[in-house]
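Multiple structures follow.
Each of the next two complexes has subunit A plus one more chain, namely subunit B in the first and subunit C in the second.
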Partner chain A sequence: MDSNKILDRGTPDRSARVGAPVTLQIDGVAVTVPAGTSLMRAAHDAGVKVPKLCATDSLDAFGSCRLCLVEVEGRRGYPASCTTPCEPGMKVKTQTDKLAKLRRSTMELYISDHPLDCLTCPANGNCELQDMAGVVGLREVRYGYQGENHLAAPKDQSNPYFTFDPSKCIVCSRCVRACEEIQGTFALTVQGRGFDSKIAPGPGSFLESECVSCGACVQACPTATLMEKSVYDQGQPDHSAITTCAYCGVGCSFRAEMKGDQVVRMVPHKDGRANRGHSCVKGRFAFGYATHKDRIKQPMIRASIQEPWREVTWEQAIAHAASEIRRIQGKYGRGSVGGITSSRCTNEETYLVQKLVRAAFGNNNVDTCARVCHSPTGYGLKTTLGESAGTQDFDSVMHADVVVVMGANPTDAHPVFASRMKKRLREGAQLIVIDPRKIDLVDSPHTRAAFHIQLQPGTNVAVMNALAHVVVTEGLAKVDYVRARCELPEFDKWQAFIRDPKNSPEVLGPVIGVPATTLRDAARLYATARNAAIYYGLGVTEHSQGSTTVMAIANLAMLTGNLGRPGVGVNPLRGQNNVQGSCDMGSFPHELPGYRHVSDPTVRELFGQSWGVPIDDEPGLRIPNMFDAALDGSFKALYVQGEDIAQSDPDTHHVQAALTAMECVIVQDLFINETAKYAHVFLPGASFLEKDGTFTNAERRISRVRRVMPPLAGLADWEATMALAKALGYPMHYDHPSQIMAEIAALTPTFTGVTYDKIDQLGSIQWPCNDQAPTGTPVMHVDQFVRGKGRFVITEYVATPERTSRKFPLILTTGRILSQYNVGAQTRRTANTAWHAADVLELHPHDAEARGIRDGDRVEVESRAGKTVLRAEVTERMQPGVVYTTFHHPESGANVVTTENSDWATIVRNTRSPRCRSARCWCRRRRGSRSSRRLRSSRRRCCRGGSDGRAEAGQDVQ
Partner chain B sequence: MDAQKLVKMCNEIGAFFAAEPDKATAMAGLAGHLKRFWEPRMRRGILAHLDGGGAGLSPLAVEALRMHRAMLEPKAVRS
Partner chain C sequence: MQPTADPGATPVPLTAAQRAAIDVAIAACRDLPGALLPLLHKLQEQLGYVPPASIPPIAKALGLSQADVHGVITFYHDFRTTPPGRHVVKLCRAEACQAMGCQRLEQHVQDRLGITFGQTSADGAVTLEAVYCLGNCALSPALLVDGRLQGRVSKERLDRVLDTCVHDGKEAQR
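Presenting the complex of A and B:
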């Protein structure tokens, strides 16, 4: 089994860029292809395979191996078919005696410098060099193997996931080109010339290099030179299934390559439309957590959280949970219980949990962890445009001329999309970054931001208002577009507001901390672009004015006509894999699936009929309200599926007190997480490899999750929810998640056309998918906005109530890094810890110096909410007065210091900018040699968020 | 429910709608938001706080709560 062999057409699809069809003859067969197509690809389409080594269809042709030579009638020499474009009337021969001889000689040279250990090579049976030796009929190597060679070149095993064995390298440079063209990191080079040329990841090892371990080079390598360690250990896989990454909102499609029920490797799926064959270190390599020894495989219960856990059967655990819920409802009322759905679970599972709460608990107390990240998007975009979702597909970025990245760090949090974006930037698109931190995109290989608006945290709305002010007052608005597509009275009101000098860059610039001229120039660049697109992330939404900022972004896009076609739009970059899906599925306490309010009698009637119970017409409690209600004694039981609220929710102390006040907390998860410490019932969860279902990514793309191994604990999450519902006297009847999707489709207008069969057929579907859009909707709001006319909303900038003071002089912001994911429950249980063994505090050299802090010191961070200790990383990425940390490791307790200022509209707690005090608590010289220090600093480069070596961190923490 | 928290949240919602030039629209916006997003316990809590003098509530919030009280009042407690 080999993906490259099955799918590789040699050179990339150029159909989007090439001209009229041309007809030519290849080995006597007439072929018609778009002009500009390579001879190699045309031959492949005609069923003729031309031998090749340096070409692959994910990379631009390079023409170095000379194996793909052909003869063209009337032309001299033997052109390489991978680099020669088709022309009308060409007569091409791919097989002649002369060609066979040339190819054999070329192979002979390769093989004379290649170890002949095929039988014990990990690529045996899946090696293009081996295949080509067979294809060209190589029978002898006249040069012998005694000449000068590279067979003794040492292996580089530094990367935790793949090996670099230069003795097997044929210097085809596919890896170098993959790193440049696909990933955009430029970590690899060809060093030396001729016989001496070799591939090198800089002066040191892979781990010390700029490499971010995306795996693109490994995927591209035709030999065993770059090879997954899992293949070394387990051998070649023998079957596979297409599934979807369970980490981030890009939702990359993968082929899970299996041996029995063991995953040998995850390979990015070439036809996956979210990722187009690319991946990042998490989805590609960090799947080992799924079978980690910490997985809980047996349900457990206990009477109080002081007691130890007691293992029980599923039946006992479910019966206990159900009787507790009923007891509590009997004593404290129907509204005293609720549930939390997970953005890590499938659409079908989220749907079932909210159905359980609404139909079996009989209230609307259901919420999702998207509360702490993306509900302002739902509110803001629904209010202005009419739909709670991003407007574009990821491909759209390839048509953008100006890209705005706001409060997002795509290279770390959405790496595969970032690679696409960087590709577009290398092609000449301009970039505006709006972020307090100098994120990597500001200045990365071959891309540099035209403007970096390095704002003070908390001033997002001010920035958007200032930009809109410039557009309006300098006459750059697309007035015709606005007149045709937006509500005019609202627009006029908004225009009067935004014109006010209080919104000018000159007034707001000092608040934002950025010169007025920069704001003006950035506004002009955005407004005058042919296509300008905005991508934003948690820096926008996890903030007290999150909803307001999202509306301000939508205002700006409508004002400049940047909605409704490829290349433009307003695009949230979702944090977790299924944030979009969990929101779509009715996880909010005021909305049934499809974002329909519970107060709407028609919608309630529809669901009531289908579910056989009346639906409560009042909104339920949101997560923070549940905690408040727990503290005042009116909320007593919570079912939490796949979410670690005690760690990921801002203001940990408040959450812990609330959980302690409850009488029954049911946690369903893969591992004993922080929340489980407060739980009375633990139901083992199933990983994405153990169940069927769908995820919906940030571009509204619904993709299949496929079960490749049985659930380790016996039940998939949806089955556990069904068991709980049944024990509560509300049996649900599904044999397979496809039946749940059928119910969702029957009840949700934007999903009417979605079925598992159709997803299988099309690969994936972007909702809305219904009679109007039977194959889905890549770009929304094309002719008109979903709400009819777009609505401008007045977005007054309100300074956040938290202020710096003498006691708390710094602003703390939080975020995530490439190699770790959210609270780290999965990634911490993989070798990704090689890049990020602990959370660190980034601070500017001025702030460090003023406090006597040196790089690597352990520093105490204190805010009004609490204190914690983190290791310092002194870096110019930060601006003075602002510090930054991640929250991947529970022991660092970064969320202990975040406070609870929340978004006014949707109660998303503000984790991005509480003020904190940073003071050096103690430090000492670190152990370790100079070389390990060097290693640390290079690892830091690699993961950008800063890291320490695994070993050192363990020794140093006291 | 912690009254101080409810007051803070209500004022923040008020601060958003205060930008609306027409005061009646602003008040309707604020009250409508509470009706759509606040669970009955929270609405009951803020109305009880209003009845107790409404300390800390912004003038816009006080006025909006008074004017739209009937809409905001939850139905009788259900078991």
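Presenting the complex of A and C:
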């Protein structure tokens, strides 16, 4: 893999910020570029390569390496081409005898303090320093190697994924600048000065430092100083394919760099429009699970879950599964079987599973974990604006002047987007954080929130109403915008409601737990911004008033005119890579692909025609209904693709009992997961590296997943589903997932224009993509809302009263951290465990002190559902009364203590001392809007683990 | 991203007095433009050095990363990260002082204390540092002892200075 093949124009694109085009001559070639473009970039466009070391087009020009010097006619000296902007009429020479001499001398100095071990160096074949030595014609180093040098500087191998070898460093600062400009962590610095200057991650090693292991520094390094350990081990890759990361909802585009069918490294794709060349520790480095020894490569069956597994062929496994399903349907009825789709699998695979359930099983018993985090967004935004999805693309944040982050923790759960957001904040945008927990964004290096509304769990709607009240009563509403674009009678009714003093910050402030002045100031900041954008996460949707909160958010955005252009909008941050896609694909028991209800005869007719079978008009069972039915004895077989419901769902004991009651559980997964312990048929899954398909990210962006290695078990997931359908007597024929997408496009209005060819051509497509928007839709609701006129909905705040109980005084919340993902099935099988070897319980110093708990103690956590033991971490991030843990490790069993009915009151005991102290108890009764009640029983699931787990439990409880 | 495993080189924990001094320095400087340098000066003034364990609270208070603070501390030779001796002698090694024979003084002081520049004598009495011009060229060679300027320094004068430092009545404390 020759990095030079990847276009590097030296300095970033500034065309968006600069004015009229200017024409100049570079080496006699006339070139016209936007004013403000660097000479280096202009030269590149004119086909002239200027030597460089410290410049790369992902970073602002720095001008330190002195290799890119040029001569400009009529000017003295030798300006650096990276830092010199183009001016009209300039005559520039990039190659003269004098320049050649200067460059050679500079390079000679670099090489005089650089080891000459090129043949054994891991960067051999992909080293910019080596290349530049060749370009400038370096032939000797006159200074010798006897003098003081850095050749013996020790390596830092502490990071599990890359090494830092300062002996090879030329101190170009590309890594330091990448950490600052791209990632925004500022974990690197130049230590010391002059000859002693050394790149350092603060005073300690990389692993001890603030480094988040995003890989931006490794990517930026022009030498072998920062180098992937996988390249040390395997050598330079020789071919690559562009694919999409399978972790979070950002959906980063990656170049899988390969040797044969082995992935050497994953490198963020510079042209990827979701990530713009950036990555996080998971996508960049934590792909080793794909070839982990725990991968199951052979289908297995067993008659009962007490028996050991028996390896069989695909044909035997599929035939057994099909005959069991038919036997159970014969005995217990057509509705006694169902399927669960995965938001980790591709759109095409999800589509096939729901088609299998609807066409081959003959019922609508299909559900997905993703539905839970999606529904409030879907319902809330459909009702107010007309479409069940976020309104913007990620690039939009770079135009925002005020950013509101509500119930989300982007630096941990959506790190690549968080980096973009932080970049914009450093450019001067203001931040309002609405979250019960003091998340990193509130106060991190070089970014600080203007306001942190540290609300009491469960008061999201109160906050939104208070903000809207201020906007309306202080005359900050964009009345013209509302008049032109919204339904006025609804608006008038809503306005009367929101003006009511009961919605004032003075009344709601004490409920929210935040001073009224803070709410007023925050509302003014949001309303008066030129562009203000709201980003929200599961802390909003997983709440009893989730849909109401989403509608309140939409109300506020409409009220202030913050919809329909770049820099504004209402944006859910999706947990898993394909939450949006799996919902789009009809994974709901009541909806066919494209969110069309099964009770609609026209829609049923359309799908019935295409699939050649009648579609059941009765909505099927949701996941919790399936469990309940299993315990009743009326639901007996389940096909689970790519979800670990036994670990990720709340109230593990209930789930286990339900699974045990079934006669045939078919699990399709990469590993023997917790659910597989209750399974009768195990079908080996294929990782994202082993199959073709598409993922749809949080910004509605459909990106290609490309097969870079054959499926380890022989079949991709879509092929296995096809085989199962065939064995059930409902053959589906697709030679390639592109044919499945063609079927989806033919049946789904928002996907009409989507084809694999078009995705290949454009890189990615944001739906809706149809005749009206042939290349997709980056920003929605531009001239008018999708539903026509925007609709204000009255959003009454309903308090969730707490019952006290001496036994369970604390609220347990769960979430996730940067280095781990979800239930950890993947990340636990990588070196990411260096950062998160075990789940811990975070609690406030007051709660800790009251129980005699010290930092690092083992504590027992007990709820009505069960108990578990975790290590305590005492931190002021938490509010008193609320404790927090992650659910990445099965042995800690966080979900053993979470309960289905969201009564998350818990007690915490110190195992060091047997005394149990508790002051009061929090139990939460479910209350919510009609729509959220409809969903209530399954709501827990997503935040527990189905999704990214930024579940502010306190908020999520209903 | 902090590892959950035990970190290798944990800095020496701050004493209560140090913690208090840091809080005072932070409170005094945090609202100044470019607060880090005045803060570090103030801290070194009070504690004699900048303890490595003070980096996290300083970084947090000023909205900087720990690496930012570390970079600044290491850039300026004047900032110390270990406690100095009871007295700090800064000998000027710039041109005028060199012309007036400071190199002999350099040799002498190093021989007498058994240390080189940047070190502290074994009895903890003197930390020897080099400076480059004290603006006292007319009276070269010059030195600073505990912030007090002395000109026309001879070997004898230097010895008297060092004697005072070594026999300052605090030897017994060690």
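In this section, the second predicted complex is superposed on the first by the 890 of 958 C-alpha atoms of A that agree within 3 Å, B and C clash if a C-alpha of one lies under 4 Å from a C-alpha of the other, contacts with A are read in each partner's own complex, and residues count from 1 in each chain.
Basically, a residue touches a chain if its C-beta (ideal position, glycine included) is under 8 Å from a C-beta of that chain, and two chains touch if they have at least 3 such contacts.
The structure displayed is predicted, hence computed values, not measured ones.
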Contacts for A:334 in the overlay, against subunit B (first) and subunit C (second): which applies, first, second, both or neither?
first
According to the stated criteria, A:204 is in contact with first (subunit B), second (subunit C), both, or neither; which is it?
second
Tell me the contact category for A:213 with respect to subunit B and subunit C: first, second, both or neither.
second
Quick check on the superposed pair: does A:741 touch subunit B, subunit C, both, or neither? Answer first, second, both or neither.
neither
Answer with first, second, both or neither: which of subunit B and subunit C does A:80 touch in the superposed model?
neither
Between subunit B and subunit C, whom does A:188 touch in the aligned arrangement: first, second, both, or neither?
second
First (subunit B), second (subunit C), both or neither: which does A:619 touch?
first
Subunit A residues touching subunit B in their complex are 333-335, 364-365, 493, 496-497, 544, 547-548, 589-590, 597, 599, 618-622, 625, 628-629, 631-632, 634, 794-796, 798, 902, 904-907
Contact set on subunit C toward subunit A in their complex:
1-5, 7-9, 11, 52, 55, 59-60, 63-68, 70-71, 74-75
Considering the complex alone, what residue numbers of subunit A touch subunit C?
185-193, 200-205, 207-213, 281, 443-448, 818-819, 834-838, 840
Interface residues, subunit B side, partner subunit A - complex
1-2, 5, 9, 12-13, 15-16, 18-21, 33, 35-42, 74-75, 77-79
